[in-house]
Amino acid sequence: MHHSRGIASLTALLCLSAAVFAADTRDDTLTIAFAAEATQVDPTRTTAGVDAYFMSLFFEQLLSTAPDLQRINWLAEKWSIIDTNNAVKIKVKVREGVLFHNGDELTTEDFRFAYQRMREPTSGVSVYVRYITDVEIHNRYEMTLHLSQPDPTVVLSNLHIWALPKAYFERVGEAGFQKHPIGTGPWKFVSRKPREELIIERFDEYWNKDVQPGYKRLVIKIIPEDTTRVAAYKTGAVDWIDAVPPAQAAEFATLPNTRVIDLPAPNNMFLNLNAIDRDSPFRDPRVRLAVAHAVDYDAIIKYVLFGKGIRTAQLAPGTLGYDPDLAPHPYDPNRARALLAEAGYANGVGINCYNLTTPREPYMKEIGETIYAYLAQVGINCRIVQLEYGAWINVGRFNARPWMDGLQSTMWGQGLPGDPTTAWGGHLHSNGDGWGGYSYHSDAKLDARVKELRTLINDDERAVKIKELATLKHKLAAGGIPTYRPIITFAWRDTVDFKPWPTAFWRAMRQIGPCPSRACTPTTLPE
Amino acid sequence: MSTNVLEVQDLQTHLHLRRGVVKAVNQVSFSIAYGETLGLIGESGSGKTMTGLSLLGLLPRPAGRIVGGSIRLNGRELSQLNQATYAAQIRGKEIAMISQDPMTSLNPVFSIGSQVAAPIRRHRHDTDQTALALATEELHRVRVPSPALRISHFPHQFSGGMRQRVIAAMATACRPNLLIADEPTSALDVTIQVQLMDLLDQLQDESGAGLLFITHDLGVAASLCDRVAVMYAGSVVETAAVTDLYAAPAHPYTRGLLASVPRIGIKTERGRLFSIPGTPPDPLDLPMGCAFAPRCDLVKDRCHRESPPLIDKGGREIACFEVQ
Amino acid sequence: MARYLFSRLWQGLIAILGAVLIVFIAQRLAGDPLALLLPMDASEADFEALRVELGLDQPLLVQFFRFLQSVLVGDFGYSYQWQTPALDLILDRLPATLELAVAGLLFAIVLAIPLGVFSALYQDSWVDRVAKVFAMLGQAIPSFWIGLLLILFFAVTLNWLPAYGRGNLSHLVLPAIALGWYPVAAMTRTLRSAMLDILQSDYIRMARSVGLSERAIIWKYALRNAAVPLATMIGVYFANMLGGAFVVEVVFAWPGVGRTVVEAVFNRDFPVVQAGVILSAVVFVLVNLLVDLSYGLIDPRIRHGR
Amino acid sequence: MGAESILKQRSIFASLRTWLGFARFPYIAMTVLGLVLVAAFFGSWISPHSANEIDLAMRLTPPAWLDGGSSAHILGTDNLGRDILSRLIAGARVSVTIAAYAIILSGALGTFLGMAAGYFGGWIDAIISRLIDIQMSVPSIPLAMLFVAVLSPGEAMVVFIIVLSYWTWYARIVRGEVLSLRERDYIALAKVAGVSTPVIFIRHLWPNVLNTLLVLATLQFGSVIVFEAGLSFLGLGIQPPDVSWGGMLSDGRNYIEVAWWLITMPGFAIMMACLASNIVGDWLRDTLDPRLKQS
């Protein structure tokens, strides 16, 4: 009969879907959920911060940052800076016996190959090797990096050159590498479905036995929606999630058999202001300062973020040149209105506000809207343009400087850990001499100071200069306004032993394994 | 008790409509013997179709209801039977109907075979395959050419006459004792009509079933029926052997009815076409007494007060005070 | 039937062509098509070469046919975001969307059939009234709100069913209801009036007169006849379901075409958007062809070309 | 959905009106519709707060009748402490404005093309009919996504998408009406008498399709409100800081576990507006144009 046939096919369909999605419940497999996802698998082609999510699994650099934020040797067994008067060299001894996932041994040739790829103008990360003129190979394990001028960012970025398998790359080509990337990292690539999942396997021949993963297999689900990710954890579909929504962080702390940890993001909610276009109101520092005074970030942190945020003026504690006396611009709407009036905008001003969001940090969309609502109350009226972070990257692919004619709220690293030189090179220096390669500010004096920092290699001198520049930048609200650092909450089942590493916004899966005793606690963290 | 297959006694069927109660069948009595064909004649709205539906238990729901009288089929009382029993034990098995319009009485989306096989499967509990084989035989019996081929065809591939045969095969597949034919010929060409009436004759001869032939067509009734019952406004006004009735209609209505039909061999009273004056009464508001009284040329006072009962008068029954 | 199908096929092709044209126009509105087609490491020389190769100096009509050509071979370019062919991204997610749409449709049918049949059988009874209220609410409540209310009620308050994502059967329930809600009304109405007509028909009286059980008569004989108008409804509503699925997917974080395309919109990932739009037009046309074919299965008169 | 079938199906509302006992005049529906219009036109005077006024300390305040509710915020506040009632009122303005533009433009376009197709027939009809077919086979939500992806979202874009999706409603019905009108004697007479085509259109065809248009427009109002809410819900429609009911729903989703009123209030507004316009549209049809009444 007609209707019973319908029911039969419904049943069949449902059985089918149940069979297809039956969970893989093997003990040596752990399923976890990320909110955001990398877009690139080639470390010499990264364009976005989230790309580190992948890089940290498969690829490694010469140095690394330890959980205590100290720089440690990694693929480099030892290294030293040779600073002669007019030339800087970095001598590196590469660790012996490190294998790529295909069994090839890592040699200095692979670093040279990666350096060359990074030098290509389209790589997007060429800024890190800008002043490295050559990678000189002495033998399989020894090489020297030649720099045309002192560049502290090379060290700050962990001697940024990636270990890229030259022989493999040349055999399979660009497309082949995209399809199946290999590196020296603790995890091997298995398969990937964009916006759905990434499956990786432990690399059993991994060189660093101390930090080898405990699970044989890791299934990383990509779940951008907060509610969905939370539901996936609560229903047991996944056993580890990042970016627990602040509204539910307290509840998670009380969930049975669950461990949570709050980690300060190396990022900052950052307002970028177009101070270069001729008709942009933000050319006037008073308007920029009005923006800084108009928003009550303490209230936002308290009420919207449930305390999961740290108010910052420019730099965060732990950064080179951090100045504890530099206080954030206080919330003062009257002052903001007065500044606007002084600048000739007594009746308010209309601008485009680009709300760049990513699920990586919590509540970005509504915090953006909150900020714009505060701005409206002093007379800065936003026409909101909602953009996923990816859109910005995609727009950026076609223009040196993505089109942004007003104000933009986004997450931006302000040099944590380490120092802010790269970040300032990106959005304070007029031609974007840094990560991201674009800036909306142009001030010759500030440019010179950024340039100076770029070549200053002594840390004590750097700290002084950074402090000075931070103060100057703060007073002028130049090169954008940092506001607060988000605190990211991670949660996982107590059957899992997880020790967060700072790489990839704390998402590096270096030390994750089963915890039979249910008594594993994460290593203590700074701050 | 008797050789009557059907005995209907004082049957009363009402239709409860929103506007009121229609006494569609009002104290109707008649009987049909095995092998006999009774014609039920009347204008549209006279209650003849409702009588047929009452026998089949297929009154329109929820409006139609049998409120009195009895229907006995082989001595079994049917009027109080519930629907499920009616469907399982009576319809298609004991009583079957050949309906009005062959063009619309077959389901367009099922094959002929499955439709003819349906009652067989239902009443003989045969397997689908046996039922289909039997259905083929039935089609052969009603003289549908190459039935084995035709069972997989659909109604729209059949002509009107052929469809009527299929319907006949479907109705008689389980050899019912009583067949009700409700205007089976009205939608057909005259030549096909004749063929169908032959067929009905044949089927009846084979099975010895009683046949209730419902029609408004006096000519068709004359050629097929043994006896005729004439209905007017829900009541039977006259029952007689067909030859008697046509030769000498007794009830004023019957007389009027016959007079209004131009027929070869029967002279109309005044040498020209006659029509009964007035119109049939509003079924919602039947007059007191004889329903035909307002149009009757023999009407007396009494006719307006009392309903004349159907009284046996020398082999025929008449419901009229004056003629009695 | 063949001729009918042929004309429907032709109409479908025209419609797809129209969809491709709309996408082409939209693409031109997007700005320099070269920027959309070239990889990010393209040089000025590459641009010039491609400009000539693509004949962008040629008339728009020629350009359109070139575009059509690449669409025909399934070449929508690479996703900016994922560096994989845009069509693959969409096709990967098509099963999830179809699963949802079919489940929604089945929900609608499974609900509409008893509602329609019983409200025809018992006119003006409580069943009929319930069906009417359903119809009224079905058309006035948007699917995304139903979806949210279902989540609020069955997932948050009662905690009976999962609210988000794709997984086992239980994940499918709420989205399917949210999606199937809207067409229930129209289907019930269609079925009700069709059944009313059919149950009055001579062939049903005939079926009754040979003693077939009431159950067989309604659920087999009558319903099969009512299936033709119902199938028309299903065809008409499938477009709705596909569009609706896009919204419902977002509500329930269902990993289908809709959510992917919405994300692609926010990421300005144009190749993915255009692949999604054209594919949904193709699926829509195909579904309608299937519905046309099903008429033939249901009704032999149509099969035999009457 | 076919426009003819819409006209037929919607008369469910007629029977519902009978059932609810206000068959003659749809008082309740008219009142609801009136409220929506009042909110749209006089919103700034009756609104208790400014729609975008945030008060983080008061965020997620429940409606006044619940524990923790505040009489300052009768329907509660949202995740940024904005007053929900004020936002509903502001949303009504947006919804009504968009509906008005969309209805007028799609009605004008559809009527013009429908009249032309019906009156002239031939290749004009063929082209327009084919256009209608094409339009109807591209689902409107994906279409909206396409245009939003290349241009930017906003009120104008929403109106554009709605016009693109809805002109076929008008075109098909008007074409049908004109086709039948064309055969009438008086039109034929006018033609024979040498009356110019524009005059025939304005004098003879226009008054006849006017009632139909009015009915369609009323029915479209509800449909447009739902459609616009859907687009805004997806983030493809009205952009903040402009307030829309769909956008409110979208914002409220993340708080479904802690603040049910964020999603119920705007959804209820959408439902009531749509329901009211459907009921009024039905009533108008029955009153103005008995031919459209279901037998």
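As written, the chain order gives the labels A, B, C and D, with residue 1 at the start of each chain.
In this section, contacts are C-beta pairs under 8 Å (C-beta built on N, C-alpha and C of every residue); 3 or more make two chains touch, one makes a residue touch a chain.
Every value quoted in this text rests on a predicted model; they were computed, and no experiment measured them.
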Touching chain B and also chain D, the following chains: C
Farthest-lying chain, centroid of Cα atoms versus that of chain A: B
C-D against A-C, pair bridged by the larger set of C-beta contacts: C-D
Core chain by centroid distance, with centroids computed from Cα atoms only: C
Chain C-chain D separation of Cα centroids, rounded to whole Å: 22
Gap in Å, rounded to a whole number, between the CA centres of chain C and chain A: 39
Distance from the mean Cα position of chain D to that of chain A, given in whole angstrom: 45
Approximate Å spacing (C-alpha centroids) for the pair chain A, chain B: 90
Residues of chain B whose C-beta touches two or more other chains: none
Residues of chain A touching at least two other chains: 227, 386
Per-residue multi-chain contacts in chain D, two or more chains: 235, 253, 256-257
Pairs of chains in contact (touch as defined earlier), listed by label: A-C, A-D, B-C, C-D
Chain D-touching residues of chain C, taken from the complex the two chains share: 11-12, 14-19, 22-23, 26-27, 29-30, 129, 132-133, 135-137, 139-145, 148-149, 151-152, 156, 185-186, 189, 236-237, 239-240, 242-244, 246-247, 250-251, 258, 261-262, 264-266, 268, 270, 273-274, 276-277, 280-281, 284-285, 288
Contact set on chain C toward chain B in their complex: 201-214, 216, 221, 224-225, 227-228, 298-301, 304, 306
Chain A-touching residues of chain D, taken from the complex the two chains share: 52-54, 56-57, 59, 79-82, 152-153, 235, 239-241, 251, 253-258
Chain C - residues contacting chain A, complex: 35, 40-41, 79-84, 89, 92, 99, 102-103, 106, 109-110, 113-114, 155, 162-169, 172, 219-220, 223-224, 227, 253, 255, 260, 263, 266-269
In the complex with chain C, residue positions of chain B that touch it: 56, 58, 83-84, 86-93, 96-97, 99-101, 104-111, 115, 118-119, 122-123, 154, 156-157, 167, 170-171, 173-174, 180
